[in-house]
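Each of the two complexes below includes chain A, the first together with chain B, the second together with chain C.
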Partner chain A sequence: MIETFRTLIAYTFKEHIRHRLYLSLFLFGFILLMGGLVISALAVEQRGRMMLDLGFSAIEFLGLTTIVFVSVNLVLSEIENRTIYLVVSRPLARWQYIVARFIGTTLAVALSMAVMALLHAVLLLPYTGVISASTYVMAWLCSVAKLTVVGSLALALSLLTTSAPTAMTFTFFLWAIGHFSQEVRFLGEKSAHMGVKALVWFFYHVAPDFSYFNYRDFFYTATPPTWAWGLSLGVYAFSYTAICLWIASVVFSKREF
Partner chain B sequence: MPQKSALAILAVLVTLMLGSFQAMHKAYPWPYPPMSHLIAERTGLQDAALITAGFRPLAADIAWIQLLQYVGGWILPGEQEVSRYLLLKDMTLRVTRIDPYFRQVYLYSAGMLAFFRNIDRPDEALEVLGEGIRTNPQFWPLRVTVAAIGFMRGEEFEPMVRLLEDVIAHPDCPPVTKSILANAYKAHHRDADARRIWELILGDPNAGMYHDKARREIVEIDTRQLLTPKI
Partner chain C sequence: MTNVIDIQNVTKIYRKSHLGRTQESVGIKDLTLTVREGEVFGLLGLNGCGKTTTIKMLLGLLRPTQGTATLFGKVMPDPEVLKKIGYLPDAAYLPKHLTGLEAVTYYATLSKIPSEKRAQAVRSILEKVGMTAAANKKISEYSKGMFQRISMAQALVHEPSLLIMDEPITGLDPLAVREMRQLVSFLKAQGKTVFLSSHDISEVEKVCDRIGILAAGKLIAVAEQKDWANRAGHLEELFTATVSRSEGIGALKFS
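Moving on, here comes the complex of A and B:
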């Protein structure tokens, strides 16, 4: 069983890195990073900071686009092409299929983000003192963790809605809400109405809190986060992803082929 | 997988998720002000959209570039007089409300507001610095600049330049503060000190915009000294 699981992960990984969309987004990422060299000149004395922020944003934006498009179509395209029949006839539990496909996708996206980060780090070399290597790696890891949660959300939504455009729209909406979570909490605190407070509490806890994954926002602050934050963030990312995969597996198991 | 064990796994995961969510917020309280604090008059949509998309530092960088463009002569719609930079304080606070930890912006604008003769609005400079001190109490150049402005208002040159010397020693000090100090020395005919500061600017790779001026000033000082008859 483990062998089949591993084969499925490897198959998904190769499928993605050979995909035209993946390669074109990858190329776009390179262009965006190189373009950062020109754009950052406008920031004059803050060129290093601009290069850093623009690079992080470009890497995350392209990772986001890739993982949403790929995750949403991960199972839906197989259902549409009817290749899913070949898979479900194999001695592999449906949840294992979902998890293996998801891991393969996440690895492919993480690889593209790693290559882009490597190029970004090379471009940052002349700007000494802008960021330390360990801080950069931490910011990159947080970005990958964030996109892992987004990928699992997109996959669960694609199976729940069975429509790629709807799933993508909901995923991007949740991405925005996830960065808005502190504002949502603030609104809840300001409201005197109990119904509004309850609704806000629900959204605040159920919607993913993506703003807390932005380590790149925190290292500028007076007191950067501690290891306790990193540990709880890791557990949060893992449990949120696992819940989404659980939902995706249950929905997929109930489908009849 | 049996339904009961699947539900048990879900219950464990939800507990883990909610527990880690609380722990994460407890370990690190949110360090940024709410969006209602943003200066939203002209560019609120741009700033809010970038923050909501998760790119807060990039939003601050773009606002910083727009501040530089304004200082460089870009006139905003509805603004008549550009030479006094009437919107300088608002545009500065726009950047720092997006990212209150963008420390150099406070020094950059406060220096211009307080020490540039054509602007001369030290009260606004103190307002900008006050906001910076509230969010960055450990960043001492902000407090020292406040004291320097106090001495400038009392026309006490010596203590003012001594404090500005401290500020320019900080690695995060913007080149504009160095140029302010060099010009202050020049105005008081202290050529050796002015030359020293211009050389410092020449050696700063981040002060590229000031390098031409620094070279010109050094040549001017050297020529003046050559032409001055020695007694």
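Moving on, here comes the complex of A and C:
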């Protein structure tokens, strides 16, 4: 079983890193980071901070768009190309295929984010004292955890809707709601209409709460978050991802080709 | 001889729902068919008659709406049975980002060939399909013939007991058709079971021990080699007498 997993993960990883889009992503990331370098010149006093925020946002934005696009098409493209026939007609459980393909994708996106983060860190070198290396790494890990959750959500939605544009739209919608969880909940509570209340309640509970992942909020605070906070974040990300992959696996297992 | 394939009263109905409306179409209807061990069985029929549906059900890619389809006595998809099956689809559905060597190794691993035997099995099959020299080229750079060879390699790398081929000669040049015929004869000589679908009567009669004629999802006739051996044109007559075009297509009237 381990060997099947390793093979499928390696297959997926190669699929992504050999794709032209992957190289374009690096180019685009480089342009964004360099753009941050230019724009931050406007903030003479706070140039380091601005470069940190702009660069980090650029890395996360690129990671997000990549993982949504790639996860939504991960299985659908294999179904469309019919390469799936030669995989599901082999002795492997369908959930293995889903989980391994997802891990391969996450690793490929995490690698691209790591390379961009390295470049970003080099650009930040002259600005000592803006952020410590450990804080930067923690923030990067939180971003990867956030994208893992979004990726699993995109994959589950792609199999539930069977349409890439619909799955992408729903993913971005839930991503947006996930960033404003508390506000959405507040609006729901204030609404007098039962239908709106129920709808808001549903989306509030279905969408992931991304406020947990914003380690950047602690960049400039005196006290960094505790390990318990990190652990609870890890458990949350893992549980959400596991549920999404379970849904994707169940849907995929019932699917006919 | 034991039955490798046993299809009993299988019906497959496709259902498509759109805006609350459900459309149904029959893929195959009440199909009963057995294929014995070591036999080369050909499923003959026009386009859209249910050949691919039958094959997909044997592989577990589709589930029968009614009836049972078993391979080696097990309902599909059974992981142990899938280890014994090689599948050559109607077109080479291969991952284009891999090289030929990587692709065959990938399928060899998924077919559960033990790691200590895998490299040798992959080398050997690439040699047999004549792709050793081009094994390190990306599949996206391959010609159609090379695609077909790698597709063949992925189907045979794990030395399956049963090879299922969906329209294996469609679109092949005469030389490749002859090579495909040689492959089927070689597998038969090795005692393997071959199940293939085709609409090419002349090719099917050259390699098959038995044939089944499928029309509009129903098995119309089953013939054995002795029925057509030394009787030129017999199979074609049988075929044209039993099948009719589905989907309301009429015959050409140029005579």
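Definition applied: the second predicted complex is superposed on the first by the 237 of 257 C-alpha atoms of A that agree within 3 Å, B and C clash if a C-alpha of one lies under 4 Å from a C-alpha of the other, contacts with A are read in each partner's own complex, and residues count from 1 in each chain.
Here, a contact is a pair of C-beta atoms (placed from the backbone, for glycine too) under 8 Å apart; a residue touches a chain by one contact, two chains touch by 3 or more.
Computed from a predicted structure; not experimentally measured.
With both structures placed on the common chain, the touch criterion links A:Phe69 to neither chain B nor chain C.
Shared-chain residue A:Arg90: touches chain C; no touch with chain B.
Once the two complexes are overlaid on the shared chain, A:Glu256 sits against chain C while remaining clear of chain B.
When both complexes are overlaid on chain A, the residue A:Phe218 reaches chain B alone and has no touch with chain C.
More residues of chain A lie in contact with B than with the other chain of the pair chain B and chain C. In the superposed model, A:Tyr136 lies in contact with neither chain B nor chain C.
Within the superposed three-chain model, A:Arg49 lies in touch with chain B and out of touch with chain C [touch as defined at top].
In the superposition on chain A, A:Thr7 makes contact with chain C only, not with chain B. Look at A:Phe102: by the touch rule set out above, it reaches neither chain B nor chain C. After overlaying the two complexes on the shared chain, residue contacts for A:Asn81 are found with chain C alone; chain B is out of touch. Taken together, the two complexes place residues 93 of chain A in contact with chain B and also with chain C.
Residues 3-4, 7-8, 11, 14-15, 18-19, 81-83, 85-93, 256-257 of chain A touch chain C in their complex. Residues 42-50, 53-54, 56-57, 60-61, 93, 95, 129, 175-176, 178-180, 182-183, 186, 205, 209-212, 214, 216-218, 220-223, 225-226, 228-229, 231-233, 235-236, 238-240, 242-243, 246, 250 of chain A touch chain B in their complex. Of all the residues in chain C, the ones that touch chain A in their complex are 56, 59-63, 77, 79-80, 82-83, 85, 87, 89, 91, 93-95, 97-98, 102, 106-107, 109-112, 115, 154.
Partner chain A is touched in their complex by these residues of chain B: 1, 6, 9-10, 13-14, 16-21, 23-25, 27-28, 30-32, 34-36, 51-58, 61, 64-65, 68, 99, 101-102, 104, 135-139, 171, 174-175, 206-209.
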